[in-house]
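Just passing along the structure, written as structure tokens.
Going in written order, the chains are labelled A, B and C, and every chain counts its residues from 1.
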Amino acid sequence: MSFAVHLSVFEGPLDLLLQLVSKDRVDVADVTIATITEDFLRAVDALDTIDLDGASSFLVLAATLLELKSVKLLPHEEADPETAALLEERDRLLQRLVEYATFKAASEALSQVLDANEGYFTRAGGVPEELRPALPDLLEGVTLERFWKVAAKVFAPRVAQPVDTSFIAPMRVSVAEMVEVLAEELRRRRFTSFRDLCGESASRADVVVRFLALLELFRQQCVQVEQPGPFDGITVRWRQPRLGAERRGDPEEPR
Amino acid sequence: MSLLDPEVWQAVEAILFVAEEPVAAPELALVLELPVADVETLMEELARSYEEQGRGFVLRRAAGGYRLASHPDAAPYLERFVSEHKAPRMTQAALETLAVVAYRQPVSRAQIAEIRGVSPDSVLRTLVTRGLVAEVGRDPGPGNAILYGTTVAFMERLGLMSLADLPPLAGFMPTTAEVERMESGLGPGI
Amino acid sequence: MSLLDPEVWQAVEAILFVAEEPVAAPELALVLELPVADVETLMEELARSYEEQGRGFVLRRAAGGYRLASHPDAAPYLERFVSEHKAPRMTQAALETLAVVAYRQPVSRAQIAEIRGVSPDSVLRTLVTRGLVAEVGRDPGPGNAILYGTTVAFMERLGLMSLADLPPLAGFMPTTAEVERMESGLGPGI
């Protein structure tokens, strides 16, 4: 499924997500987190940006979508606290989406009011020079002491605001480390399923890390990945890197 | 003074001419020594006479008062004399940020970013430069974040008498069907 | 267009109304598509009609062109208007900007923006119109930014004999918490 998404980095990730979930789809049943996530990642990939702040806001949301999507790939139990946490995450995202949609609609109304009131220009105004002395004292009630306090406050070092990291789940293994672990295992097994790669005892966080690591290996063209359809199992095949195809940073290939 | 006194007309026109913002009727009443009701009658007559005489300006009601503005019919001639006119149309990002500030004021950058999902810095700068948004204070909490609100110029630009004239935000909420579609997009019953 | 066309009158009045500087006759001629001689006739007629109708403003010939100004007869009302006008109290933003200028002069807009985290444009304009801040020079570096400093009126207003009398900030840089304690009256005075 593909369609053009109108987007600039300033519209933001919520706008992109809103466009994707509001898009009329032929088959409503087809609207799943999987398609949305893929569309989102494709749009982000096409986003031409050197704006790091803007780009990172897209990536944070992409990570959340991936996390939601990854859950679909695995069996789960309703009572699982991690599933509950993800459901909360999804509800929070939905809430933000609804709020954003509200303001977006309001901005369209404002735009119409602005257009309807177009064409009136006002004078900069200002009294004639000779009347300036009659203007009220701007510094009325401002003592030297108060002025100094304001200055002291302005020049005081700003309290750094803590960065909100609440959306980041604790991870026992970094994705970079997991890339190496998976690469080692795949070189040995050549062909396996994602489920086998995770094993029975993997926690949900582990699964997410493994999934992100797998995506990284896919990006580096070290593996072929196949999933017949949404919710189906993922098969993974280790690729013999073509000669000279290795790039710096790729996992080492045994000779 | 009396409404029939030509001096009143001259005085009120001069005041409106130099005023930097809309002037409220009670304020005019004080300066002109007239009852507020008379000032209101005067303003109505003045507005009508401008329209009848085909003047280059009109008398508008906005932001709780009265203000002179150029006649919209003359707008095409004004382009080269008004710097404001050269400003390009507002972008979607600017309009959205303006809507958030209008309905959530006083509001900090972080709060705007939370709603729009993207940093509002450059857009806010544009809105402040255009005089539609201004600093209105500082958050007393840690960080002392600057708080933003809309200006008198914002109300003038939208022809609003007060912020209470903004259409209620509740009217812009997505419908139940739309919310359901969003929900299914995010994966129901994970 | 022709002088008899009411649109010309409306257009020229609108232009003079919004223009912030005197408008030269050739410029008006260009926009209105009229010979310069016709524009000059038009201006004479307009000036006479304003005087006859007892308007609140007059049309003046000034250096470089024509401009509208409030009618001198209305001056007493204007004086009362400006002095009784709801005293536009010093906003926090204006006070903070003034503090930055006072302690860091000569200082450019960019430097003020860096310290305060926000563009000082409109606030700076107010401070300049009210005679508390003035341009004091140009940065010799690239861009030749305008540099601002405080005025004699500022020093008089705060009872300073010279800028050296400003209570020092350097050397003793209080923390925000200390300043807050002082503000709540628990700390030592200056």
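Going forward, contacts are C-beta pairs under 8 Å (C-beta built on N, C-alpha and C of every residue); 3 or more make two chains touch, one makes a residue touch a chain.
If you're wondering where the values come from, they're calculated on a predicted model, not measured in any experiment.
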From chain A, the most remote chain by mean C-alpha position: C
Chain with minimal offset from the mean of all protein Cα atoms: B
For chain A paired with chain C, centre-to-centre distance based on mean C-alpha positions, whole Å: 44
Geometric centre distance via CA averages, chain C-chain B, whole Å: 21
Where chain A and chain B are represented by their mean Cα positions, the distance between them in whole Å: 34
Sites on chain B at which at least two other chains make contact: 17-19, 68, 70, 73, 78, 82, 144
Residue list for chain A, restricted to those that touch at least two other chains: 121-124, 126-128, 153, 158-159
Footprint of chain C on chain A - complex, ascending: 121-124, 126-128, 130-132, 134-140, 142-145, 147-159
List of chain C residues in touch with chain A within their complex: 14, 17-18, 20, 69-70, 75, 78-79, 82-83, 85, 87-90, 94-96, 98-100, 102-103, 115-117, 126, 129-132, 157-160, 166-167, 169, 173-176, 179, 182-183, 189-190
Touching residues on chain C, where the partner in the complex is chain B: 6-7, 9-19, 23, 31-32, 54-57, 68, 70-71, 73-74, 77-78, 80-82, 84-86, 91-93, 117-119, 121-122, 176
Complex interface listing, chain A residues touching chain B: 8-15, 18, 20-22, 28, 31-33, 36, 53-54, 57, 61, 68-69, 71-72, 76, 83, 86-87, 90, 93-94, 96-111, 113-114, 116-128, 153, 158-161
Chain B to chain A touching residues, read off their complex: 17-21, 58, 60, 67-70, 72-73, 75, 78, 82, 84-85, 90-93, 95-96, 98-100, 102-103, 110, 114-119, 122-123, 142-145, 156-159, 167, 169, 172-174, 178-179, 181-187, 190
